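Quick heads-up: structures coming right below.
Note that chain A is present in both complexes that follow, paired respectively with chain B and with chain C.
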Partner chain A sequence: MALKYNQKANLQRIALLAPGVLLYGIFNFAPLLGLFWVSLVEWPGIGPMKFVGLDNFATLFGNAFYRDQLIKAFANNLIFFFIIIGSMLILGTAIALLLSFRSWGRNAYRIIFFLPYPLAGAAVAFLLEMVVRTRGPLNAMLKNFNIIEQPIAFLGDPNLALATLASFYSWHRMSFAIILILSAIVGVRVHLIEAAMLDGAKRWATLKAVVFPVLAPAFVLITVIVMVDVFNNADYTLILMGPEGGPVRSTDIMGTFLFRSAFGGSATSTSVNFGMAAAIGLFTALLILPAALFLALRNLRRKD
Partner chain B sequence: MKLSALLATTALAAALVATSAYAETVKLYTWREQEIPLWKYISDSKVLGDIAIEVVQVNSDDYDSKIRIDLQSEGPDLFQGRAGAAWLSSFVDAGIVKPISTDLSGIAPAAIDAGRGADGQQYGVPFAIQMQSVIYNTKVLADNGIDVPKSMDEFTAAADKLKAAGIIPVNFGARSGWWLNQVVGETMTAGLVPDDFAAKLVSGEACFTDPTFVATLQTVKDWQDKGYINSSAMADDYGAMRTSVALGESAMMLDGVWSTGPTSPMFEIDPDLKMGFFPVPGANAKVYAFGDGTYLLNSATKHAEAAQKVLDFTATKAFAELFVKYVGELPAYGGEYTVEDPRLKEVAGMIAANSSSVTPFFAYALNKGQPSYGTLVSDGYGALLSGSASPEEVARKIQDGLNSWGYVGAANCK
Partner chain C sequence: MDRLFKLSKLEQALVQLILLAYTCVVLFPIGIAVLNSLKPNLGEVYKAPFGLPSVWSFNNYATAWVGANFQGFFVNSAIISLACVVIVTFCASTIAFVLVRMPFRGSTLLFAAFLLGVVIPIRLTLAPLFVIVKSLGLLDSLLGVILVQSASMMPVAVFILTSFLRAVPAELEDAARMDGALPFQIYWRVVLPLIRPALATVALLTFVQAWNEYFLPLIFLRTPANYPITLGMSQFRLQFDVQWHLMFAGILIMLIPTIVAFLLASRQFIEGLTQGGVKE
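This part shows the complex of A and B:
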């Protein structure tokens, strides 16, 4: 039976989309639905599940002990996110711009900047922790040049720990931002730059008028991806500071709070609850969903 | 046959032979590195017949999380649990541990509560009796001409002397949450709070905002203000604290006797290290003794018979003597057994003569709700040492936290 062209096209479309949808459906969407169910039960991870309805949410927002932790974790997470995205976008653009010019050793620099990215998070965490330790090389160097008297407790001071972890993250993932921004810069049509230069615009003005608008999609992409990663994962904090979230919970972010509710912290926890963790996860998703949608749609609308 | 194929087949055959050397393998999870030589001896010498015991050791900070994750799949056949009904309660409620049939008649009365659940039944076999106190590097004190302080004034004088000599008087590894509540909180309480008052704290008749209890927090704060504690206390964890004392950079620390056992990593730093003990010389001046924990049987184990055999063995005199020999700690066995080690003799003497009878950290009444006493003390000391709360505020937070789930003293202590 000969298919009409439209039918064939539709079939083709479905066939091409099917693997992606199946993979996403099984590994992302189905667990998400399962998350709704788990947030309605009380379950310590072992033994039977007890249906408690919206009790987990009530405890999370009602009980001061949990609410305080939630607010603190979210505030910390926001600070964490802003430090990371600030450094990634600003430094990333600066480095990408430098890489886009015909500077000597450009390829070597590109390789060096990309080197941290494929490293495992745990490896990077331990490596950088050794660098900032009180007996580590960074403190030794600062002491050597008489910049400080006492070693700075980068990971021990509640005021510094979060920023230190944020810098670890940025160092690790910087090349991701650099590559995206660089490809956006390189995609700028050369004759536009030439036209701007002919009109007498200086280099900075050219950049501002011609190159930066093209970066907007890249910026949005980086922001969304980093936002989802930062709010959902907590590798550095968990590995280095444990599930308790470092010195007096100063590095406690949503990821560690969630982990602690599910599996217990280091201070001999007596009650853990996967349901509470699921509630926290849903709450996190709800919080970042509007921001992610807004950014993505805003960018789509921009396209002409 | 080609040489490589021959080698491969031989290797495979050897591997098969090796794995079939034992009829059954039982997995034991623990946070205690010092147990590894003990179980290796028991396995290798086939004390329990054809059962091999594989010890999985997890860092103490991560133990609680890891055990819960692993119990969802194959996981341990046996695992060590921390003492007290509160810690056991989640495992009991989930049916992971069931009341045991092991004969516990030989266990010392002081340790028997370690395995007792909220319903009064025994769920595990207690293992060591531990002592927590001030542990000091004898060489450092001797080099500086300091005797063991018998009062807080003597302690302050000793600390001043040490500080002048460039040594950290007391090292704190405040990054480790479990150490803050189990060791610091309890040892300071045993040293500064009279036993009868501590008993009232547990029963709810006395409040944590009372100056008698606040003194424990205030003393630590005073130590910090006077510069007796390492400036990086919040960055250093339990391991860093022990390292510092082993290196001789610090003189004293609040720790348990397990750190002075033969397998302690402190001896890897200094094999000639000698350590001594004394209670915090406050109003109560007692050391803190407790049953460290229990051996628990995972009811979902696939090696039930072999695991039960191992569990029953841990309650016997033979095990107690192996325990003393290979772990270097006092076992929970109550009957007569030989102790030759002078250090252990000294510890046993201190426990018998001068240990606090009250253990708030393990008290079910204080730990059955969230936030538990343990969690509050850990957070409290963390806030205290990082300067974000005063001793009174910390005590208030502990009291409020306990009141929030209506502990036994909630009505009495507003």
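This part shows the complex of A and C:
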């Protein structure tokens, strides 16, 4: 018996959903839910898993060895975040503002400034690391201009390494801030500006009264996205400083701590435990949840 | 309006000065890399990092390409990226089509499940993800990396496509349905052509992100023969770290495809940023 149209349509709907739902379900959604389960076991990556209840969390927050690493990584991550977001908002606003004026060549500048954005994080890390080496071009230039006498070990000095990595991130992602702020400035309603100018307000006063207030949503969006990113993504640190976040763990952040707990910091590590990695992942997910929920709600609103 | 954004000569000069300064910040590392990748030896890089090469040594690129097996890494990256583009554009567009045009009981729940994937980064789920990939026997295989990377890009793709499709009127599809067309035909003949601009954005974002991914291959691949170029570059660095001119050449080999892609489609990149910027 031939199927009716509706039955056929229903079957085809299931067939259309199946590949995407399976792919996403197995390799993204199940791991999300799996965080809860794996955080309750002890497993070094091979052999049988051992159910240990909440022991991983107890160790993470109670055992001094782990707790100190957690606090250090979190504190470093906060510093890392504030350097990045500070530079991105201040420089990004300044540059976006200059590009919004009738400045010559502003379209060319826009493309040049955007150039680093699509580059691979790994490539940016390798490239900028070469540039800031003690015998590298940046130190050579600073010496030429007599700004310094001794070369600076940007990545070798525990006091400078974290800030240097943060500046790599800003170099790479600055155009993200520029573009979002620029589109907010361009989107300011013309009649508001005209009204302010007719009232005889000077340029700076107009900017302050009319343009800056509308930048708030763009600032919030940039802050939230960068926050979610820097609290889970540790590519620069992993590539350049290794999973131990050297020198002397001065660049250790949540992402490197998480990686180290699953795969070990070096070949000799013994304390690898995927359960601990899941516990750290879950804890980090909770930390960024407010920011994440904000993004989710924004997306829901946007779809209408 | 005009008075706010128009600049006097003096102001213009000042603005140009600042913009040029930032141009130098952006171009300095790339320019240095190009210049020094063409130098014949390490001594010249040390002595005069800003000087022109005494001999233009284009074969540094060949040395890097051969010495590091870049060809293999390149092919792996191409396979991974293209496979991700095909899988993500197909799977995300069918999902978006059903969610927007054929909603059912539970479709809101399904949408919410994708929403969760947009906001919680896949990196945090490293441990359970590793367990799943291992138990499926997909460790150290290109297929495993392709599936995981595709899955990680699905949520954003679904978002871009659903919001695009919602803005498109359904008249054509309704007409096709009146003529007795089934969902497969409607999807293939009517919806796919309609959403082509959004699909292009998704394809571009997916390709670049897949090409640039470092973390997921790092976790799932062990054999260097399977490495994509991001991991291959780390290998290369172990070997050539002290030979700066070759390092610069290697880094540029890695950058060139993305720079070319960007210059060809800079407008789409900049637009894609505001659409796809929901998650990095």
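The rule we apply is simple: the second predicted complex is superposed on the first by the 259 of 304 C-alpha atoms of A that agree within 3 Å, B and C clash if a C-alpha of one lies under 4 Å from a C-alpha of the other, contacts with A are read in each partner's own complex, and residues count from 1 in each chain.
The rule we apply is simple: a residue touches a chain if its C-beta (ideal position, glycine included) is under 8 Å from a C-beta of that chain, and two chains touch if they have at least 3 such contacts.
Owing to the predicted nature of the structure, the values given are computational and were not obtained by experimental measurement.
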| item | value |
| --- | --- |
| Which of chain B and chain C A:Phe81 touches, first, second, both or neither | neither |
| Partner chain(s) touched by A:Ile193 [first = chain B, second = chain C, both, neither] | second |
| Touching partner for A:Pro44 - first (chain B), second (chain C), both, neither | first |
| More chain A residues in contact [chain B versus chain C] | C |
| Partner chain in contact with A:Pro247 - chain B first, chain C second, else both or neither | first |
| Partner chain(s) touched by A:Asp157 [first = chain B, second = chain C, both, neither] | first |
| Touching partner for A:Val272 - first (chain B), second (chain C), both, neither | first |
| Partner chain in contact with A:Phe57 - chain B first, chain C second, else both or neither | neither |
| Partner chain in contact with A:Pro19 - chain B first, chain C second, else both or neither | second |
| Those residues of chain A which chain B touches in one complex and chain C touches in the other | 45, 259, 263 |
| Touching residues (chain side chain A, partner chain B) in the complex | 44-48, 63-65, 133-134, 150-151, 153-158, 241-244, 246-249, 259, 263-272 |
| List of chain B residues in touch with chain A within their complex | 60-62, 64-65, 68-69, 71-72, 82, 86-87, 89-91, 93-96, 174-178, 180-182, 231-236, 367-368, 370-372, 374-375, 378-379, 382-383, 386, 388, 401, 404 |
| Complex interface listing, chain A residues touching chain C | 5, 8-9, 12-13, 15-17, 19-21, 23-24, 26-35, 37-39, 43, 45, 91, 94-95, 98-105, 109-123, 126-128, 130-131, 135-137, 140-141, 171, 175-176, 179-180, 183, 190, 193-194, 197, 203, 206-207, 221, 225, 228-229, 232-233, 235, 238-239, 255, 258-259, 262-263, 274-275, 277-278, 281-282, 284-285, 292-293, 295-296, 299-300, 302-303 |
| Residue numbers on chain C that touch chain A, as the complex places them | 1, 3-7, 11-12, 15-16, 18-19, 22-23, 25-30, 32-33, 36, 46, 49-50, 87, 90-92, 94-95, 97-98, 102, 104, 110, 113-133, 136, 147-148, 150-152, 154-155, 158-159, 162-163, 166, 180, 182-184, 187, 208, 211-212, 214-215, 218-219, 230, 233-234, 237, 244, 247-248, 251, 254-255, 258-259, 261-262, 266, 269-270, 273-274, 277-280 |
